[in-house]
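Take a look at this one; I'll ask things after.
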Amino acid sequence: MELLTHILGAIATVILAFVVGMSYGGIVRKITARVHNRIGPPWYQNFIDAFKLYGKTTAIHHGWMQIMGPAFLMVSSVVTLMFIPVLTNGGWFPNLNFEGDLIFLLYLMVFGPLGMALGAGQTGNPNSAIGVTRGLSQMVGFEIPWVMALVALMIQFDTTSITGLMEAQAQSGTWNMFSSPFAFIAAVLAMLGMFRYSPFDIVGAPTELASGPVSENGGKYLFTMMSSGSIFAFVKLTLYVDIFMGGADNLVILLLKTFSIYMIPVLYGIVSPRYRTEQAIRFFWGWPLFFGVLALIYASIF
Amino acid sequence: MEMIYLIFIIFLGGAVATYLLGKINGVLRDITFLATLIVPAVLFYTQVSIGQTVDFSMSGMNLQWGITDFGYIFAYIVLGLGVLAGIYAVAAMKGKENLGFFYSNYILSIMAMMGILFSRDLVSFFIFWEIMTWSSYLMVVFSGKDVQKVGIKYFIFSAVGAYAMLMAIVTTYSLTGSMMIDSLVTAYPGFDFSMQLLIPILLLIGFGVKSAMMPLHVWASGSYSHAPMAYTAVFSGALSKMGIYGMIIVIVSLVSQIPEGHWFREVIAWLGGITAVGGTLWAVAQDDAKKLLAYSSVAQLGYIIVGVGVGTPLAMLAALFMAVMHGLFKGTLFMAVGAIEKQTGTTNFTEVTGLIRKMPLTFLASLMSIIALAGIPPLGGFIGKWMLYESLVGSDHYMLVIVVFFSSTAAFLYCYKFLFGFFLGQEEPEWAHVKEAPAMMVVPMIIMAIGSFILGVFPGLILNPIDAGLQELGYASTQGRYWEMSMLFNEWGDKVVLQPILYTIIAVFVFFFVFVVAKNFKKTRYVSTKDISSSGEIPKAHENLTFSRGFFQPFLRAVEPLMKHQIDPLYTGFGRGMEAIFDFVRRIYTGNGQTYALYAIIFAVLLLIFKNQLFGL
Amino acid sequence: MINDKNSQKIVDIIQNWARKQSIWVLAYGTGCGAIEIPPTMTSRYDAERLGVRGAATPRQADVLLITGYLTTKTLKRVIRVYEQMQDPKYVIGFGSCTINGGMYYDSYNTIKVLDKYLPVDVYINGCMPRPESVLAGFGKLQELIGNGEANGATKYKENLEWYRANQKKIIPNWVMPEYNW
Amino acid sequence: MVGSPVLLIAIPLLAAFLIPLLGMIWKELVRIIPGLVLAYMMILSASLLYYVLENGPIIEVLAGWRPPIGINLVFSPFTGFLATIMTFLGFIVWLYSYRFKRNVEFEPSKKYFIFLMMLVAGSVGIVLTGDIFNQFVFIEIVGISAYALTAFYTGRNAAEASFKYLLMGSLSASALLIAIAIIYSQLGTLNMADIADNIHLMDPRFKVIAMILFIVGLGIEAEIFPLNGWAPDAYTEAPGPIGAAFAGIVVKAGVYAMVRMVFTLFDVSGAVDFLLIIGLITLIIAETTALRQEQLKRMLAYSSIGQMGLVFVAFGIGTTEGIFAALFLMLNHAIIKPLLFFSGSYLVFNSKDKKISEMNGLGKYMPMTAAFFALGSFAIVGLPPFAGFWSKLSILTAAANEGMLLIIALILMVSVVEIVYYFRVVNRIYFFKFDKVTSVVPHKPRINAVIAMAVLGILILVIGFYPDAVTGVLHQASDDLQNTQQYINNVLSVGQTLTN
């Protein structure tokens, strides 16, 4: 019975993540359009796009790794989702979130992009490979402040578990974004890179790289990537909410918090042009790193 | 006869027999070679028990051989990798010249490594250490490429390390009057402070060279890449671990006994961290797979050194676990490179591409090993890294954890480069003829890849012996505190359960593969990699669109300041300078008899002048 | 269940609705018409509100936009791009040049009638067509898609030999992969 | 007791005079007789050594004149050990060069074998004699045969090398003669034991001058820096096996004389430390010079000098362990360096200019020779499990026991240099492509040469794997050298007993 709850809960989580992620994507498009003084597509535009992509034929492949790539990505997103506490007390989504910790999560999150990169590599399109190298390079950039922020939290609360961090926030009554502000700043700056909006959209850069890694993938491949990307966005946002904003007791609060934090990279991105790769890396090794170090010092002092 | 002697006699006899049979019959030689590896391995695991020792005396010194719990961990690596790489070597080296020499050297290295693990005294330790050094040196120069540069560099560094160690050994002997490692450990706290510092430093120079610790690592990239890949698997996988083995003994048994040891360990840990970062960055910059893996080995050994330097029980578990894992996955990767080299004749990423459909099994093995190397769950590499991070955070090494994490993240870059460079990208007609490597090469790779998978899911299999080994060194048992058979905990009570991860991954994967991808698989057809969207152009057969040159150029530009300062030119400059000085010294011998006679007279006069100082009269 | 004809119809209706709401355009900037795309996409006319969006590669695109005159040299590339696109796919002929050559009616090296070489679903008249007409063209295409009448790709498949013959007349050195989906 | 130590000197000298006569009967006898003589010497010396180890030293009085007046031979564990090495090496050199220059004229080969025999006999004489003037005579015998052998290949270079050697040899002889004269004038005796017994009576000023002259004179023979300028030329220009004989026999005799002088003859306090210093300087200069050599034999020569420096360092440590280590190193050097010279001379034989750079890839064409050279290189740089390791280890332990950490570090650094130049050669021989342009078709070693090399090679391995085979002898020998008083007593007691 418990197993059934687990499975059903897992499916519910995936659906929730998919829906929320996709809607957020649509909303972002809408917001972007409004900022550009346009009307923009409806908020459900992403669902239509996804459905259309799923309906397209997928007539070709360049080898089995291209097929596996999106599958890897999806697996990674869903498995990562399984280890994220969606709601504070588990609630409707009793996943595996009490059995993992942050470091594990960090590495699990890499699994998908690497698989995806392999898939992109097999297509033989140079743009794909270039996009992948950019993405990996950028990842090295933002991982440093991000990990610094996480380590600062770990030190501060003597736990590496996400649930542990949430409990610690619940006990102290303040969110981590207030109790360890530097870590929050570093993490938020790292988040700019993590979401790959402008100015850090160097991976897909449509005008330079013809959308980069996905340039050979249409139809169902693209659908898989799109939906796993949405799930992934949800995962990241929930993770931020969990570790910096005390988690969420119910769905409404979860949506509020995630949306508000999501606006940071989105709004920053709308008004930004694109960086070159090395500029992006150096950006992350500038102020974000500084705040990361501050966070570490702060955490080790207090 | 004592089983321990028997093992070494088989090794030695086998080495000689293999060499001699190599002159007569190839098949017989191969069989002898494999038998010489497998029989002692079987004897070792069945007949030799931990704690069993033999004593003998040589040149007036009492020596002792016997395996400890701690050595047993490394014996797993040495013999396991030795046998598997040996099987691989038979197929990989087929058709090469001078195979008897290669095989007997191979056996000698394995023997020397086992000897190191067996040695309970410093003299036999040193003897086996040197045998290991020169046998591996002969392997490095086996290919005949850059012999004077790479080979000599390796040997000079090894010699410097070994001689530093020898100095420590004789100093120990003069201080304790015994060559036993145990007596050194017992007597160490009683030494005066300078000796307490000198002996570990000298020993660590020796071990640091073998384990490629910065700044003693400069030999590694050349040597790893110049030795035949069949041997490099052992070289990087097992031989470098001997440095770790010694380092752990020194740090845990000696340095920890003194109050200043704390700082010592910090230095070692930081050296390890710097090694990891430097190795990784240089690996990213390489265009040759051998070089890439060589630098990657340096980096991985850096992690292990970090663990050793930190030295909490969890860190030691991590270090040793990573040592085992590194043997597995780096062995596999070097083997894969060897297979590719054999099938294509090159190991350069800019030349060979798109082998995935030609060598799928090699790709599979490489993929699993790379996942393990990158530390991505659910393969074994993750366990080691996870434990290392936990231990670093837990022991307040905040900056070090960032350094290690940076290195580990940057490792994804070269991981991808390796897979992409060889297996992905355009399939060129140039490589259309390439076939999968022979079964004897593929099977060991697959076995080892599966091994790293199994250890990823059931780390307890190897953590158990590691725990026993650590107790041998004086650590309290960690049983149940950090790990179970398939579960890991940290000191703060969190845990990672490995099997659910595996199940989840498999379940989701199967779901997507079956219902999303495989359902449509029939409808899709394979098109060649020339059929890509490249602005409407149709790439010609000879047009290679693979992106392989300057692969991580932007990244390298970004990290340029970190890579600008190399230690290698310093050594080269030092070497050059020394040679120049020597050349100057050489001119003392003018070749002129009159000068020599003059020297003699000057010498006599000088002696007369300084007779009071010299002879005290 | 998909095989069932009626349910297939329902699925088709839903899918067609989705397709018409989501048009990913590969703007092949062959001629001067490409200059009209930016105003169409940006704030004044904002085609995105109709679901029209640029696609970077033919693999992802639904609509191939031939913006203006097409030289004989470019034709081969355009055909290649079209054949790389995944079904369902549509072609919009943009500007007079694609209809009858326009001002290049007597040029030796432009394609006069695009329809002889690629199956055009919707023409947008004008030289240049203003963004309003472009939007009207997209609206027409959406209408066709919604009705299931935008079947240029099917036409191309059925009359492949005729198209090929025409294409080969223009392109002397015909080295192309076989088009077989 | 199987024979008298006198025979070790008398028989070869006698044979040397008889050989030309016997050669008239059958030419081959010129080659065979020296072999028989050397074999006899080897067996005699070994059996005497065995006897001596059991029963204590033999003091042989010549012509009935008792010590301290007459000349006496001392066959103690120390001297006997050295004599055995020398005779053994003499035999090995003969074996190696038995067919040496088979096709050349009768006359050169006659010279060659006669001088070889005299070289061995003279060296054994230097070691065995208990009389300094007699020692001087033997040094001259060795010197004359060595000059002649150096100039064996009649040519410009050989003549020049020989002349340099002669020049330095004359200097050495003059210095020694003056020193002997000073001692005789002061003490009125030439017997070593007697001198040692009465040295405290000597005026310190004269004593020091005598000793300095001794050091200069013997230092030339023992190749200490800066008196060793002749050595590289002589080693290079002499035939290969003679180089081996120089390294294995002649230098050993010089070292012996030097050590005997320092340890037994004079009671000067700083002399042992002086050995250490001069040994270190010699070691460092020679090894660094060897690194930059282009000719193989010259490199081996400098390496040989360096090893001698190391021997002096070991002696200079001054403890029994140090002496033990020095003797061990002498033994190892005596088997390893000839092996290197033997195999090296075949490598040189196959290169036009004797240059190292011309030996590319010879290992493939001369596997045996190259293997022996590699074995020798491995052994001489002190890699276990070969012989050289144990002597290096014992030197270092001896130094460590005296707390000489700096010296250990210096020795080890120099060892690294040594490794570099030896491995450069080994690399070339084995791992470079065979270069037809600079090399002629390789001459392969003859069977007798292979046997000679194999014997040495096996010895290296035996000592390497089982050093206890020789350590017993070495311990006794080092005790013997260390114990000066016993030496004096032994020798003089023979005189006493005869007087009574």
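Per-chain numbering from 1; labels A, B, C and D assigned in written order.
Note that in this section contacts are C-beta pairs under 8 Å (C-beta built on N, C-alpha and C of every residue); 3 or more make two chains touch, one makes a residue touch a chain.
Please read these numbers as outputs of a predicted model, since none were measured by experiment.
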*Identity of the most central chain, Cα criterion*: B
*asked:* Between chain A and chain B, what distance separates the C-alpha centroids? Give it in angstrom.
replied: 36
*Find the geometric centre of each of chain B and chain C from their Cα atoms only, then give the gap between the two centres in Å, rounded to an integer.*
58
*Hey, how far is the Cα centre of chain B from the one of chain D, in Å?*
44
*asked:* Two or more other chains touching the same residue: where does that happen in chain A?
replied: 57-60, 210, 215-216
*Could you say which residues in chain B touch two or more other chains, in rising order?*
525, 527, 530-531, 533
*Please set out, as single numbers or ranges, the residues of chain C touching at least two other chains.*
57, 59, 181
*What are all the chain pairs that meet the touch criterion?*
A-B, A-C, B-C, B-D
*For the complex, which residues does chain A have touching chain B?*
57-63, 65, 67-68, 70-71, 74-75, 78-79, 82, 96, 99-101, 103-104, 107-108, 110-111, 114, 117-118, 121-126, 129-130, 132-134, 136-137, 139-141, 143-144, 147-148, 151-152, 154-155, 158-161, 164, 210, 215-216, 220, 224, 276-278, 281-282, 285, 292, 296, 299-300
*Contact set on chain B toward chain A in their complex*: 354, 356-357, 367, 371, 374-377, 382, 385-386, 389-390, 393, 396, 398-399, 401-402, 405-406, 409-410, 412-413, 415-416, 419-420, 423-427, 490, 492-497, 500-501, 504-505, 508-509, 512-513, 516-517, 520-521, 523-534, 545-547, 551-552, 554-555, 557-559
_So in the complex, the part of chain C that touches chain A is made up of which residues?_
14-15, 18-19, 21-22, 24, 42-43, 46, 48-51, 53-57, 59-62, 85-88, 181
_Sites on chain D touched by chain B in the complex_ = 160, 163-164, 167-168, 171, 175, 204-205, 207-209, 211-213, 215-216, 219-220, 226-227, 229-230, 232-233, 268-271, 273-274, 285, 288-289, 291-293, 378, 383-385, 389-390, 393-394, 396-397, 399-401, 403, 405, 408-409, 412-413, 415-417, 419-420, 423-424, 427-428, 430-433, 466-468, 471
*Partner chain D, residues of chain B touching it in the complex*: 57-60, 123, 126-127, 130-131, 133-134, 137, 141-144, 147-148, 151-152, 155-156, 159-160, 163-164, 166-167, 170-171, 173-174, 198, 579, 581-583, 585-586, 588-591, 593, 595-597, 599-604, 607-608, 611, 614-617
